[in-house]
Structures are given as structure tokens and as C-alpha cells.
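Both complexes below contain chain A, partnered by chain B and then by chain C.
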Partner chain A sequence: MTLHHQTGGPARARAPKWLDRLAPYGFIAPFVVSFALFFAIPSIVSIGLSFTRYSGYGPVEWVGLRNYRSLLDSPNFHQSVLNTLFYWLVPLVPMLGGAFLLAMVVRSKLTRWGRIYKPLLFIPQVMAPVAAGLVWRVILSGNGVVNSVFGLDVNWLGDPDAMKWGVVLLLVWRGLGWYFVVFLAGLTSIPNDLLEAAEMDGTTAWQRVRHVVLPLMRPIVLFALVIDTIASLQLFTEPNLLVGGAGSTTGAPPSAAPVMNQIITNISGGQFGLAAAVGWLMFIAIAVFSVVQFRLFREER
Partner chain B sequence: MRKSSWVGARGVVNLFLIAMAFLALYPFLVMLFGGLKSSRELTTNPGGIPTDPTLDNFHTIFSGDAGAVLWRSLANSFIVTIPFTALTVLFCAMAGYAFARYKFRGRNVLFGLLVMSMLVPTEVNIPTLYVMFSKVDWLNTYQVQILPGTASVLGMFMARQYMAGMPGEVLDAARLDGAGHWKTFWRVAAPMSAPVLGAIAVLTFVAKWSDYLWPVIMVSDPDYQPIMVTLPSLSTSQDGFITRYELLLAGCFVITLPLLAIFLRFQEKLMSGTTAGAVRG
Partner chain C sequence: MTPPPSRLRHTLRGVLAFSACAVLAASALTACGSDDEGAGGGNVELTLQVWGDTKYAEDQFKVYQEQYPDQSKGQTMKVLSAGKTDTDSINKFRLELSSGKDIPDILQLNYSWVPEFAEAGVLSDVKTLADPFLPNVSQAAQRLMQYDGKYVAFPYEVKSKLWYYRKDLFQQAGIDITQVKTQADFVAAGQKLKAKFPKSNVWNLGTNPATYDWQMIAAGNGAKYATKSPCAFVVGTDPGTAQAFKAIKDLRNSGVVETKIDDWTPEWQTALADGTIASTLNASWFPAFLTQYAPDLKGKWGVTTWPEIGGAVGGSESAGSVFVIPAKSKHKKEAAEFLGRTLMDAKGTKAFAKIGGYVPNVIALQDDPELTNHPYFGTELSTAFKAADKDYKVFAFDPAANKEQVALSNAMTKYLTSNDAEPTTYLKAAQDELTAQVGCPFKS
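Right, the complex of A and B next:
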């Protein structure tokens, strides 16, 4: 993070000195107040809350680690963790791999219409998750397109195993274009001369990808992995809209429900301590996975 | 020989890309076509072109009881999204400007803390915020949907990066001309940062318009619910158990329209803003 052009604030006019000194605090004040009220303070409170039993009114009872322990012992919680891991890891390779492949193809000289493909492939992002979930219900319905094109008779929206794969299809469809744009931006930042020089040296296309492109793309792949991890662990809308009953908040049945549902159901059940504990377990998971990914990608440098 | 295999590869690659683009677009067609089908046709022909297109579904969802809910929640979505976006852009621009152009005590510590906070998912706070808002009677209001979340660290970071790269002479000149701190920001720095502020605005609008989790928790009163929350229950409010997907698809089309409009008008901003973190970070 470089800080250019810093002269201690724009040059002095006739304003009094105390005003010059206070000005930056004035500029950050609205942001900081909003951040403190709606993020920082609640975060600190929620750490404490996760060690208590509190129903929203009445006394706050200190229970130590009991919320965490009862979550770790709960089969329902285990199932939701497994579901969230499923929604994270299963789409990972087709989505990021597919996006990388598409970006390589569009960047290559094999197509002239890269500019057209970019928005076309990105457009699924423009459909809100709620709409996407409802539209995919029709696509995955009994006589829907997926079944009729592939000659299948899968009950995507009712069968406990199939519904998770239905969610995966939706996630890959919606996410691919986003990572495609990320990777394409990264690939475009690799100078043409570099690739041409490698080509002149008589390398094969695969060698160029392996030894020139991939090393340069490492930070962008890392970025994509971390973003995907964070987004996947917080997944909520897609499974609930796709395989839940219309109109219910936490619609997905336990066999397909993500971890986020544990927060919502505990809030509506008036178990705020338990809900906060779920949130902090999610934070720990995100932090651990992010650190691991940073380590893995930094080491090989 | 070499030339023809080159042409062949080109053909294969373009066919592949066209197929992928079609797959990306296809659910939009299902949505649009489905909204134009009768209930019976949607059952027999869920994925194809409507043989007998009708606007009945749109008429149904926009009139009568369903219409009352839909109009109200559509208005709610705008009532919430527009001020939220405006405040977010303003707060991010002001804070980004201070971090980029001023030296002040605690700046680096504060900036570091803000960036680190991005690791903490908002979901951690939801139980606490729910309790907090229930105590001050903010559940089922507009302000609970407008104020929280306006301190977007990513947005502030984008604004700061851009403003740090602005030529200092222009700002200095404005100050020498007697413009105060606020005037220099409002008349010079902010307009000069229009590209990044526009990107923040587009990203914020799209995310807020699409948001489901926050209002579904904080707002249970239909009078204040945005369209994302009311839409899924639209079809069941009248007939009870049967879900009328042709109505849902028509509704999906309605809620997607503003996003499509923004995408068509600002696609570069949306796509470059999406990847801002990737290329810079």
C-alpha cells in the first residue's frame, strides 16, 4: 500500500489550524460511526453472547463453553456442516477450473470475439439468488429441461441426495462467470510480449501455461479461492430457495440445509447464545481455511 | 495442413464458447418464456418457446391481493436500496478521501483494523444485531434496512486506492483558491473519482437489491418487506398449497429487470468493480 502525494492534507488555505487538524476525523466520522455501531461493537458483544444463554429478554445466564459443546455434539449441526462443505468443495473444481479454461480460451488467439463473450458469460451473476433459485426449480422439475435433455428421471427437488446436486448445478451456473471475469482480468494483465517471447523460444502451449501463465496467475487464483471459501461457507439463499417450500425462510430440509440455517433457526427459536456460537464457529472455519490457502500458495513462490 | 487445423481449432473453440454462452443465458429464457406461459403450458413445456404467449401472469401478479403486496414490496425495495446505496457511496468516498489524502493520528492503526475486519463474516453479528434492534424497536422498519452495512470496507478501500492516485496539484490548487476542506472534497476530489464511485454505487445497488438474508431475518412485517422476501410466497398466498410457477417466473422477471437494466448500462463498471480486489490485491 503506497501512499503517494501526501503532503499532510491539501495545501493550507486560510482555515484555522484546529480545523485542518480535525478535518480528516470529520471525513471518516460517518463511516466509523456506522462501522462501530453495526459491526465492531456487535462483534465484540457477540463473542460474549456466545458464552451465554439468552432468550432476548430476562436474565443473561453465563454457560461457558456449553453452546459450543452442544453444537459440536448435535447431529443436526454436523449434517449442516457437511452440507456446507459439500456446496463449497463439489462446485470448486468445475467452477474455478471451468472459469480458468474459459478465460484461457477467450484470451487466446482462437477467438476474435472475446469482448462479446465476457458479458454473456458473466450475466448469470445479474440474476438475484432468489430469482435464480426459483427459476432453477422449473429447470430441475420432474419434466424440466435437465431431465428431458439427458433422458433422466431424477427427482432433483425432492430426493435428499439429488437435491444437493441440484444446488451444485445452480451454484456452478451462477458462479462460473464471476470467476471467469476475475481470471480474464488476470490473464489480460500478462503482457503479450512475454507470451510471444516464450512462443519464439519454441515452447509448447502447455509449457507456456505451466511455466509462464500459472506462476503469474498465482495471486489471482489465491484470491479466487479465498473469495470462494468465504462466500461458500456463508451460503444461504440458493439452497433454501431451490429446495425449500415457497415462502418459508429456512426452506431447505435438514439433509440439504447449510450452516447459515442454524443461525436463523436459533434466532427464531430465541436461542441467541447458540446462534452467536454458530457464527463464531463459522468465523474460525473461514479464518483457518484462508490461512491454509495463503500458506499453500505462498510457499511455492 | 497447418492452416486448416488452425481453422478447425478456431471453429471448435467458438462453438464451445457459443454453447457456454447459451447455457449462461438459458435460465433467463426459461424465466422470460415461463412468465408468458399459461399454467398448463408450463407443465407440459417448461423449457421451450411459448406457443401461445400471454401477459395474464403479469396481470395477475400486479392486480388484486397479490398486486397490493407486490407493488408495496417493490416500492419498499427502492425505498431501501436507493438511500442505502447513496449513503454507502458517500461514507466510502469521505473515508477513502481522508485515508488517501490526509495524515492524522491513528490513521494506520484504524486502516489496518478495518481491513482485518473483512475476515469477520457479517453473519457473526446477526444474532447480536437482532437483539439490539429488537431492544430499540428497529425490527420491521426501513432504517434497519438502510443504515446497517453502509460502512463497506471494500468500497472504502476501492475509493482510497483511486483517490491516492489523484494528482495532488489539483487539490492543492483548489485549496489555494480558498476552497475549504469540504468544498475541496465535494467539488474536486469526488467528481474526479466518479469512475470508482460509480463502480461502488453499481456494486452496492446490485448487492442490496438482491439481498435476501438480512430482510428475511430483520423484517417480518410484509408492509416493510422488500420484493426479494415477498416474491417466493407470492404464488401460495392465494391458492394455498399449489405453487403457481408461471406467476413466480413472471415475478422473477420483474425483480431481475432493474438488475438487467443496470447491467446493460454499466456492465464494464459492474465487471471491473467485481474484480477490483483481484487485480489490485
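Right, the complex of A and C next:
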């Protein structure tokens, strides 16, 4: 008895063998074609572009490694790299640590109204980065909420030493809700039985977190770290909107400009080769950091 | 009932034949359309690329149609906004040049971009096309049309340097604005103002001053960032640039300038309205913002020409904005006629200026009572504008202007936050970086 007779479905002619073989390729073709057209081919072209001087039209001049050398020698490039590392590393602990703690609290029996806290904490993430940047410009202005509430006289938007901290505040505020949801999802996957068994064994809350929750959350923490690293190294909107000024032609000042500004200003200035070189340096940095993180956090077999 | 195979084939053949005919007919019609555009007397669709709102350009064409029905007969205009900023428009234009497709007939530009495209040879020489209108416009407008001695643009907005000040506060402090002629006078006026109003300042210069603040000084003192022959950056040793940088730092240290407030911050808007910033050295576009920030101070703000700051007599703010006709434009003659009539001819310019609210470049209109009475400044604005026209100068922009602006902004911030009195170290660093990254600035 054939299957369609068993299932009661109508009898169908079997598709030709070649069609069976080709069908899966047909299904993935739209992705493969668009990936090749809009990502792979432009990426390969941009490698070539990074060894040239090209203004977007007209002749292309081969300059070898000059673009890379000039960037690696540039004090402004060094400064923007340091700024980007600052925006990555400084908010890392308060943002991921804070999100983890909040997720633990909401998941625990201590909190009654978890359903209220979840959307409340996620709201900043829903807000468009541009809107958030503009709102925080007002909050951090001389007479803004932060200075008024804490009785400070900090020039968050103009003082080169303070402006980066203003950006960090914005990043933590925006990122907290996102990582909170990520960690909460991870915590939900930990069986209650396991935690209850540990509790019955007489473990303290800290011991349960240290020896049960954290090891099981390892893949989630790795995911959060990699996502945060990529997002931080590609950071652009927040610092430029917060300390760049609406009428600024150059975005954030050098003391606060992220490395992405090097790409944007080079494209604006018709230096496509330099912009491509910055892009590839960023790609290498992201790849290196991601590999290191995977190595450090990979699960022991 | 299904048709027999032969009938099905016949039906399919019919459908295919019909489709082929339809495609051919559509192609023929399209071709007819493009032929019409190419012919002189037929329908012409001009394309104009701007950034931001398309309203003013659309109004400009409406004025052209109303005032010059014969010249505009059979013409329509498609106004395209390429993005929010002029940089968006430039990036789009570069793509258009690269592909050779969709190149607009007219492109709006800030003058600082003109050298790049003029050096690359992608702009039309408009001397012959603009010749009939040239005697109508001011010297400043004529200067704005040129790059390297060639006429490559039509003048839209001449951006003059203007000094805005609180008339009421200056008067109470006993400051005679006509006697403020040098940087020392300016500081002295600030001290007088502070004696009477301790919280008031004569300018605001934060640690990240807007590029135009020092660029306006550099535009008037003969500064240059690069030379064409030999093709090299010279900003590291350029005395004009150093003088402009030093003037900014000296003024910040003078005690009469607000040093915590940068332009375009929320504090700036408040300070302009509450007297903390009682005067500002700015440009002719500033009234559009001041009237929004301090609407209640109508009649209390005055305007005049700049004193000599950093050795600068006259100058401009980025020269101004212009319209250019790309060399590959399909309708150069029609585009030039439209621009000439609405920007350089008294009848069209007056009608457009009344809608657009900008200061016209046509000499005959500079005293026209219908255009000179500004709702906020009265006649003072046009008087100051005319006075600034006399010393109007265009900065020696080169094709690497955008890159220079970024490098020098960085240098300025580092210089202002340092203890160094001279900016030489920072300017040399900027020159080294520009040389390493750009090489010859005049090579596209």
C-alpha cells in the first residue's frame, strides 16, 4: 500500500528526479543571488577599492597599501579607535551586568509584577536611536535633568572629557532593555527543577547563580557579548547625534568620534579607497574580537 | 472542457503575437517621447536636483512659467531631493556621474564642492549662457559664479559675514557699534557690555566651534590650505590659517566670550533669547534661525558688518550656494535660461525673492522697498548685506575641501584644549594627515 493511500490523499504523479534535485537550490536561490549581488560581490570589490584612490567617478589610481598605512599612521584614526573601544568596554559591565541582574530579579519570586517591568525596561530599545539621541541632548544639556537633579555643573555636550561619558549613559540606557530580554529568555530555559534541587541541597542564592545559572547561561552570555562587540564597533548614531550638533558638518568632535566616522567622512570627501580600507580594518577587528570571545566562552566538552 | 492541443497552441500563439505587438507599440511611443524632448521646440522636462525641501525649487519654476511664458513654453520641471544634506546630494551626483545615467540638468551645490567637480571637468562652462545676465548682478554674485577664472555656476545665495548684536543691551552699555573696527575693539566692546551686564557675552565659542566660525575668518585673511602648483597641502605653514586659529583661541581667552556653549545646542538657543549671548559673528543665513529662537526680541537685534577679526577684512561663509549645469545635461540652454531669468534678471528674481524670502543678487533690486524690509530686522539687514558685499571674498577652496574641513576641525579642538599659544603643531599634524591620505588635492 502506498503512502497516499494510507493517508487518504489524492494520487499524484511523481516529480522527475532532476526536479527533485534542483528544487532545494530553487528555494535558496533568491537568498544566494541577493547575497552575492548585494554583499559578496560588493565586499570583494571593496577589497580592491581599498588599494586605490577613487572619488566615485573618473579614473581609478592604484596606490597599493598607502590607504592602510596612512590610516595606521593617523592620530585621528588612533583617537577614533580609542573612542570606539571606550564605547564598547565602559558600558559593557553596567549594561550586561545590570541586564543580567534585572533579568534575575524579574525571574525570581521577589518580583510580583514581571509583566509590567518587561515592557518598561524594553521601551528605550523600541525608541529610534535618532529620537533617543535628541531626547538625551536635552536631558544632558546645561540646564537639563541630569545636572538639575544631581546638582551638577557638567558640560556633557561640550567638554571633551565629559562628552564620552554622556554617550556611555545613553548607550547603557538604550542597551539595558535589549540584553535584559536576551538574558530573561536564557533564564527561562533553565529548568526550575534544577534550581529547586540545588536549593534543597542547601546552596545559597549566590552559589546557585555561580554554579548552576551562569554555566547554563554561557551560550547566552557569549551571544550577548558578540552582539554587543559588533554593535559597539559599528557604533555611529548615538555619539554623532548626542555631541555632534544639528548643524555640525563633521559629526562628533575628535575626542568623541567613533571609528565609523572615518568611513562616513571619507565617503563624503570622495575618498572611497580610504573608506573601504577603514571598513576592512573594522572587519578584521570584529573578526578577531569575535574569535577570541568564542574561544574564551566556548563550552567545555 | 479543455481545448484540443492544436487549438491551445493556436490560442497561445495569438497571445504571444498580441504581447509582442503591445511591447513594440509601447517602445515606439517611448522613443517618440524621448525624440520630442531632444528637439528644440518640443516638450522639455528639466530635472533639478536639490537637497532638503523641494518647495523653493518648485516655486522658482512656477515663477519662471508665470513671468516668462514664452521662454518656458512646453517646459516642465522635475525637482528631485537627494537627501537631507548637501553631502547626500553630492554622493548621489557622484553615483550619477559614475553610471552616466540620470544626470540632472541642474544641480544645487554649496560652493565648497564646486572645485572638485570643476577640476574633474564635469561642469558646463556657463559664461556664454549667462553672459546676457551678468551685468545685472552684484560683484559678489559674479565672484560666486567663478572657479579658477571660469564661469561654472549661477549664483543663488551669497553668504556674507554679518555681525548680529542686541541693540538694546549695547546701547545701555554705551557701545557705539560703528567704532568697533578691530579685534581689540571687539574685545573692548565685550568688556563694556560685561561691566553693565555681567552675564552677557559678545560671542560663543565652545571647545568644538562650528567649522564656519574659523572658516569665515580664513576666508577674509588670504588663508589657503593647498597650492595647485606644486600640488600640495600647505596648511601647516599657512599664516592666514594660523591667524584664524589664534584669533579663535584669543577670543575664547578674552573673558568676553561664552566658552561653554557651542552652536546648535539647546543652550545656544536659550542663550540667544535670554541675553547670555548678546552678539554673534555669523553669516547671512542666521536670521532664519534667530527669528525662531528669539521671536520676542524682534526689533531688539541689530545687524552690521564684521569688525576685523584674525586679520580678516571681509570674506564670506563658504562663499554661498549655487546652481551648476553638468556637462552631460541634455538641456543646457533651457536650464541656463531658467536660472538666468529667475536668479539674475530683475523681473523673475523679484518674483522669486518675494516667495523665497532670500536677498536677491540683482543690483536693481537691492534697494527695492518691497524686498528690503525684513520682518525682524527692518531695513538693517539689507543695508548690512550691501555693505558686506563690498568686501565679499571667496575662500580658496580646492577639491579636498571636505577632507580639509574634518582634519582642521580636529586640529582646532585639540589646539583649543591644549595649553599651546600657537597652533603650528596642530596645523602641521593636519597637513601631514592630509598629505598622507589625499596626496595631491587637485587630482580627482
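Heads up, the rule we're going with is that the second predicted complex is superposed on the first by the 267 of 301 C-alpha atoms of A that agree within 3 Å, B and C clash if a C-alpha of one lies under 4 Å from a C-alpha of the other, contacts with A are read in each partner's own complex, and residues count from 1 in each chain.
We take it that a contact is a pair of C-beta atoms (placed from the backbone, for glycine too) under 8 Å apart; a residue touches a chain by one contact, two chains touch by 3 or more.
Here the structure is a predicted model, which is why all the values come from computation and not from measurement.
Within the superposed three-chain model, A:56 lies in touch with chain B and with chain C [touch as defined at top]. In the overlay built on the shared chain, the residue A:267 is in contact with chain B and with chain C. Of the two partner chains placed around the shared chain by superposition, neither chain B nor chain C is touched by A:94.
After overlaying the two complexes on the shared chain, residue contacts for A:137 are found with chain B and with chain C alike. Contacts of A:35 after superposition: chain B is touched, whereas chain C is not reached. Contact with chain C, but none with chain B, is seen for A:253 once the two complexes are overlaid on the shared chain.
The partner of chain A that touches more of its residues, comparing chain B with chain C, is B. In the superposed model, A:120 lies in contact with chain B only, and not with chain C.
Residue overlap on chain A between its contacts with chain B in one complex and with chain C in the other: 56, 137-138, 141, 143-144, 246-247, 249, 266-267.
Those residues of chain A whose C-beta lies close enough to touch chain B in the complex are 2-15, 19-21, 23-28, 30-32, 34-35, 37-40, 42-43, 45-46, 49, 54, 56, 102, 105-106, 108, 110-111, 113, 117-132, 134-139, 141, 143-145, 148, 173, 176-178, 181-182, 185-186, 189, 219-220, 223-224, 227, 230, 233-234, 236-237, 241, 246-247, 249, 260, 263-264, 266-267, 272, 275-276, 279-280, 282-283, 286-287, 290. Chain B makes touch with chain A in their complex at residues 9-10, 13-14, 16-17, 20-21, 23-28, 30-31, 34, 42-44, 46-47, 87, 90-92, 94-95, 97-104, 107, 110, 114, 117, 119-132, 134, 147-151, 153, 156, 164-168, 171-172, 174-181, 184-185, 206, 209-210, 212-213, 216-217, 228, 231-233, 235-237, 243, 245, 248-249, 251-252, 255-256, 259-260, 263, 267, 270-272, 274-275, 277-279, 281.
Remark: chain A residues 53, 55-59, 66-67, 69-71, 73-76, 79, 137-138, 141-144, 155, 157-160, 243, 245-250, 253-255, 265-271, 274 touch chain C in the complex.
Across the interface of their complex, chain A is touched by residues 87, 90-91, 94-95, 97-98, 116, 120, 122, 206-208, 210-211, 260-267, 270, 399-400, 402-403, 405-407, 409-410, 413-414, 417, 429, 433, 436-439, 444 of chain C.
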